[in-house]
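Below you will find the structure I want to go over with you.
In this document, chain identifiers A, B, C and D correspond to the written order of the chains, with residue numbering beginning at 1 in each.
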Amino acid sequence: MKNVKVGVIGAGRAGMMHIENMLTLNTIELVAVADVLIENVQEKLHEAGIEQTFKDYHELLAVPQIEAVFIFTSTDTHEAICLAAAQAKKHIFCEKPLSMTGQEADSLTVMQSVKENGVRMAIGFNRRLDHQFRTIWEKVEKGEVGEPQIVKITSRDPDLLSHALIQRIGGLIFDFTMHDFDMARYMMHSNVTEVFANGATLIDPTLSEINDIDTLALVLKFENGGFALIDNSRRAVYGYDQRVEVFGSKGMLKAENVSNSTVEHYTSKATLLDKPLPIFNDRYQQAYRQEIIDFVSNLVTGQPFAATPLDVVMAQRVAMAAIASIQTGKAVPVDPKEPIV
Amino acid sequence: MKNVKVGVIGAGRAGMMHIENMLTLNTIELVAVADVLIENVQEKLHEAGIEQTFKDYHELLAVPQIEAVFIFTSTDTHEAICLAAAQAKKHIFCEKPLSMTGQEADSLTVMQSVKENGVRMAIGFNRRLDHQFRTIWEKVEKGEVGEPQIVKITSRDPDLLSHALIQRIGGLIFDFTMHDFDMARYMMHSNVTEVFANGATLIDPTLSEINDIDTLALVLKFENGGFALIDNSRRAVYGYDQRVEVFGSKGMLKAENVSNSTVEHYTSKATLLDKPLPIFNDRYQQAYRQEIIDFVSNLVTGQPFAATPLDVVMAQRVAMAAIASIQTGKAVPVDPKEPIV
Amino acid sequence: MKNVKVGVIGAGRAGMMHIENMLTLNTIELVAVADVLIENVQEKLHEAGIEQTFKDYHELLAVPQIEAVFIFTSTDTHEAICLAAAQAKKHIFCEKPLSMTGQEADSLTVMQSVKENGVRMAIGFNRRLDHQFRTIWEKVEKGEVGEPQIVKITSRDPDLLSHALIQRIGGLIFDFTMHDFDMARYMMHSNVTEVFANGATLIDPTLSEINDIDTLALVLKFENGGFALIDNSRRAVYGYDQRVEVFGSKGMLKAENVSNSTVEHYTSKATLLDKPLPIFNDRYQQAYRQEIIDFVSNLVTGQPFAATPLDVVMAQRVAMAAIASIQTGKAVPVDPKEPIV
Amino acid sequence: MKNVKVGVIGAGRAGMMHIENMLTLNTIELVAVADVLIENVQEKLHEAGIEQTFKDYHELLAVPQIEAVFIFTSTDTHEAICLAAAQAKKHIFCEKPLSMTGQEADSLTVMQSVKENGVRMAIGFNRRLDHQFRTIWEKVEKGEVGEPQIVKITSRDPDLLSHALIQRIGGLIFDFTMHDFDMARYMMHSNVTEVFANGATLIDPTLSEINDIDTLALVLKFENGGFALIDNSRRAVYGYDQRVEVFGSKGMLKAENVSNSTVEHYTSKATLLDKPLPIFNDRYQQAYRQEIIDFVSNLVTGQPFAATPLDVVMAQRVAMAAIASIQTGKAVPVDPKEPIV
């Protein structure tokens, strides 16, 4: 397999985690890293053999041999960096979402630019490449449960985020449930036509001060006639709870949580199993690594990426409608027609 | 434990199943059976040692030593028989619902008569006494998951009923989801304040001719602020799918399906487990037996029954609201205040 | 299905449990019960509709309409009662073993008498009809794991028996491991040719005073070349531990323990499951009922019983060799040739 | 954590797998690699940033800054390289065993040299660091099952090795069961005093031509009075089967196989789960990585290694006795006294 020469923009905590993954992959050659605080990680990067480091990402985009860039900066910078990268004729891998506002127009602008510049762009909807969920998706794709009729998704965080962090990354629906909207559509193999949402602050009532909630229940309706049921909580004391179920005319697929070991402990009181993995970077360690592999390999082969900006647009539409539904107490229609760029 | 002398009204398929259970219980003395088609089962009953059999249930109600009656007749007769039984000063165990219309007034009339005649009445919400669900309920009751916040219920039938049968026993919501409404309230330990429902005919489009659906997704909101998510399907090819999950501030309880054995078969293709039990009378065999035991033992001790007419009223309110929600596309409010009779 | 008229000899704790099962079966008509202490249970039996009760089993054997007898008396009486029953031309269901000594000659005498009197005889090796183990056996029979090569059996009692009880019913190998010897042969579909055993008193050292052990490890070799590994303990604090595994050229079958419910409790410390069922009469409730059903139904159809006196003989041979192996520290040969009676 | 500078001797398939793991660890600095066929991997190693490569391991041992060496060469070279490494004052990580003959004297010579030269030595008993088994070991260590009484180990390979390979690496007992002997002692926290073994060729009868077997059943007895039961097969069609169970006075711990995902597929025939992982390098991927981490970190902190040459000696003694047991049909004593070097 041909090596792809890449640059990374954004070397904060998430960025460094991805960089460490990249360093273990022989299909990738990490040429340069840019970060506004590059001084914090420069030594570490040099030790790892990455010689070109920049404070300004424009300098990285100017490095000719770089074929593709990974963008791991904060959300508010995504749109501008994507546009610059596209103009610099670099293929792009960017974390969702493409803009803070969640406005579809912003995403379309990026998609337009990507198209015009003849490059390709993938989105880091990491859960799509989680081994459990990818296995389910593939089996649905092959028709192993027939026509999908009901999708059930449970996503529960291990603990509350600080109000400050929520204000930076977006509230429950835009930061967290967004992944579930994408997962529901991914699993149903159909687009959402309607959403009903009902939320509450059952854990931290002060969340209402920043206009957020911590508990959420949703019903989605799809073009194929099927339904998705999603429930969210910000605090599951037993760990990070991430489950998906697809029920169809020929059967059901479901993925239970993943734990550290298969050890069973039989005592005089109960049989004890290991808890689910505690947090997203444990649970999706394999998926984070796989999304890098997937991007690079599909870049080389020309195959479709696991997730693209279109998938962000479609998930954002549901998020917008969910917020409207909470406000009105009604099911809110969602346009299932995919934008043509 | 003192024996209770009982009569059974209704000896069709369901009635005979219950009678067979009663014959194995030494806390019960089955004195008489009444059925409009008593000639079909008379010989069998006599062989089993039940000497008094009647065509007309009024004759059974006139037998003085009978302390309590079990009513297993068709729904349209429940109200009249309950009223007659109460007037005859017999304690009553009746299958839900109390009337075909689902009108609350009908149920209240029965409750009023029961009260005035100084007898007690239990309802056959069998799932409450299923070993899995009762265990969860008890643990919630003891606070083992803290305050319940999210209840998830999946109920899927193994196969479509005939249109004729549906018309006799009521459509999906009144016959089937009714149990889930009760289960949700039972598990949440709180009353419903709002319901959103969305249904479809994904399996048999001709169901719309009799104004029914085969697939259903619901979100319930409760007085304690929590939510329930319920999904229903009329056809699960893998068997009778009955699962409950209660998530709370201190943990989660869930009950997976029950299968015939723990046998695991490791092959070169996959590891195979036994399917879930195929149908309600297998899955709830223990619960059907237990509801009889519970009724009789609580009659003797004066303890509360697992389910009462009040529970029917509260579930019917949700069912009514669910139907309105499907028609309007809105969340429909439900009165959480329990009627005082 | 034709009703079979039966008598029960022995109405102690075990006998009464079996009688209660029989009363719920409509393929059986329990005509009479005999017990040396019949006065203790007479009233109960009469209430249940059994009119003929005897102190002396010979009187029961003289009742003409009785076609078959169940023998649930203490082991030391089995041989004499079986011989008398055979001579009275009654079919026989008897608990293992056939004699206290474990001498093959005693069993052969019974088999001879059964044959000469033209009756049939079944043995209560209840585990053969446990739903899990029967399922495995059937799949092995159908070739679903190919040629069986390794059988693994774990049998662990929940707690020590009193020394007095052990002296009455036989030590670990004769009372408890005996079932495993039968299970191993049943699962392997082949006869034992050699056994190695090593035992110890790890729980109660005073067991050595009555020449018994509480912990045992064995390797059996079979005519087909395969092996069985068996481990026993008298005290498993987590409940009654009964597992079987069959490994063959085409796969593996295994049955884990059975617990009361499928409920999973997710806490901040661990995920808790229900313990295995606590004791033999819970674990084998279904099997005890099934062995009665099996006996009666095979009596009527002429099909082979699940277990016969021959199976006792073959298990006793292994038990004898196991004791010799413990004494000598060597693998001891076992004659795999079945006796012809 | 201080970086440790290391060299690797042996860069065949196993060596390269370990080298790739090392390259992802920031506690290790891989300075040099030696291999008799270094030309095959030189380019790859240079690309990975390893500049010093040698054909002759003596040259690697002469590199002054190397503090520790990993030995991944073929078994017949282990003893000589270990002795040379010790004399060169390098700490040593070596794959088991230390010599082809399995002679204890050879291992003791290595241990003596290690001691005299003031270096430390670890052994690659990878299973000790498998997450499942390490968890069990830690819980046993903490007394969570009380005094261990019965250890059960199942190790089944996915498929037969070629006769040629077996002749190079040793037969079933020396190459494969050796790991189980170590695991049994590790889990029991006690030394073996006696072994009984019985083996057969149930899969490939021609194995007898090279004096090997493919199926094996063993009972081990320990100083603490406990027993281990081990079963081995060379061909499990469902994958690599590696399970451990520890039963003690206060409970039981067991580790089932590990599979690729938690996905459950409910069909009209059965519920399907993913198969166990297919082969050792999948199953023990984490353990292989962990044994490198463990070695380096304990080198730095001075803590004991997970496995040492003493553990090889103790496992070899059992292997020798197992072979004698197969030949004699008797339990063969094993000296539980650990050698003092």
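As a convention for this text, a residue touches a chain if its C-beta (ideal position, glycine included) is under 8 Å from a C-beta of that chain, and two chains touch if they have at least 3 such contacts.
All values derive from a computational prediction rather than experimental measurement.
Undergrad: So subunit A and subunit C are the same sequence; what rotation in degrees superposes their CA atoms, nearest 5?
TA: Between subunit A and subunit C, the superposition angle is 180 degrees.
Undergrad: So which of A-D, A-C or C-D matches B-D, with over half of the contact pairs the same residue numbers?
TA: A-C
Undergrad: So which has more C-beta pairs touching, B-C or A-B?
TA: When B-C is set beside A-B, the one with more contacts is A-B.
Undergrad: Using the average of all C-alpha atoms in each chain as its centre, how far is it in Å between subunit A and subunit C?
TA: 58
Undergrad: Which whole number of Å gives the spacing of the CA centres of subunit A and subunit B?
TA: 42
Undergrad: For subunit B versus subunit C, what separation do you get between their C-alpha means, in angstrom?
TA: Subunit B and subunit C have C-alpha centres separated by 40 Å.
Undergrad: Where in subunit C do residues touch at least two different other chains?
TA: Subunit C, residues with two or more chain partners: 236-238, 250-252, 265-268, 274.
Undergrad: Spell out the residues on subunit A that touch subunit B in their complex, using ranges where they run on.
TA: 147, 149-150, 152, 154, 156, 194, 196, 198, 200, 202-203, 215, 217-219, 221, 225-229, 231, 233, 235-238, 241, 247, 249-252, 329-331
Undergrad: Under the definition above, what is the set of subunit D residues touching subunit B in their complex?
TA: Residues in contact with subunit B: 236-239, 259, 265-276.
Undergrad: Give every residue of subunit A touching subunit D within the complex, in rising order.
TA: Against subunit D, the touching part of subunit A is residues 20, 23-24, 49, 131-132, 135-136, 139, 144, 250-258, 260-268, 274.
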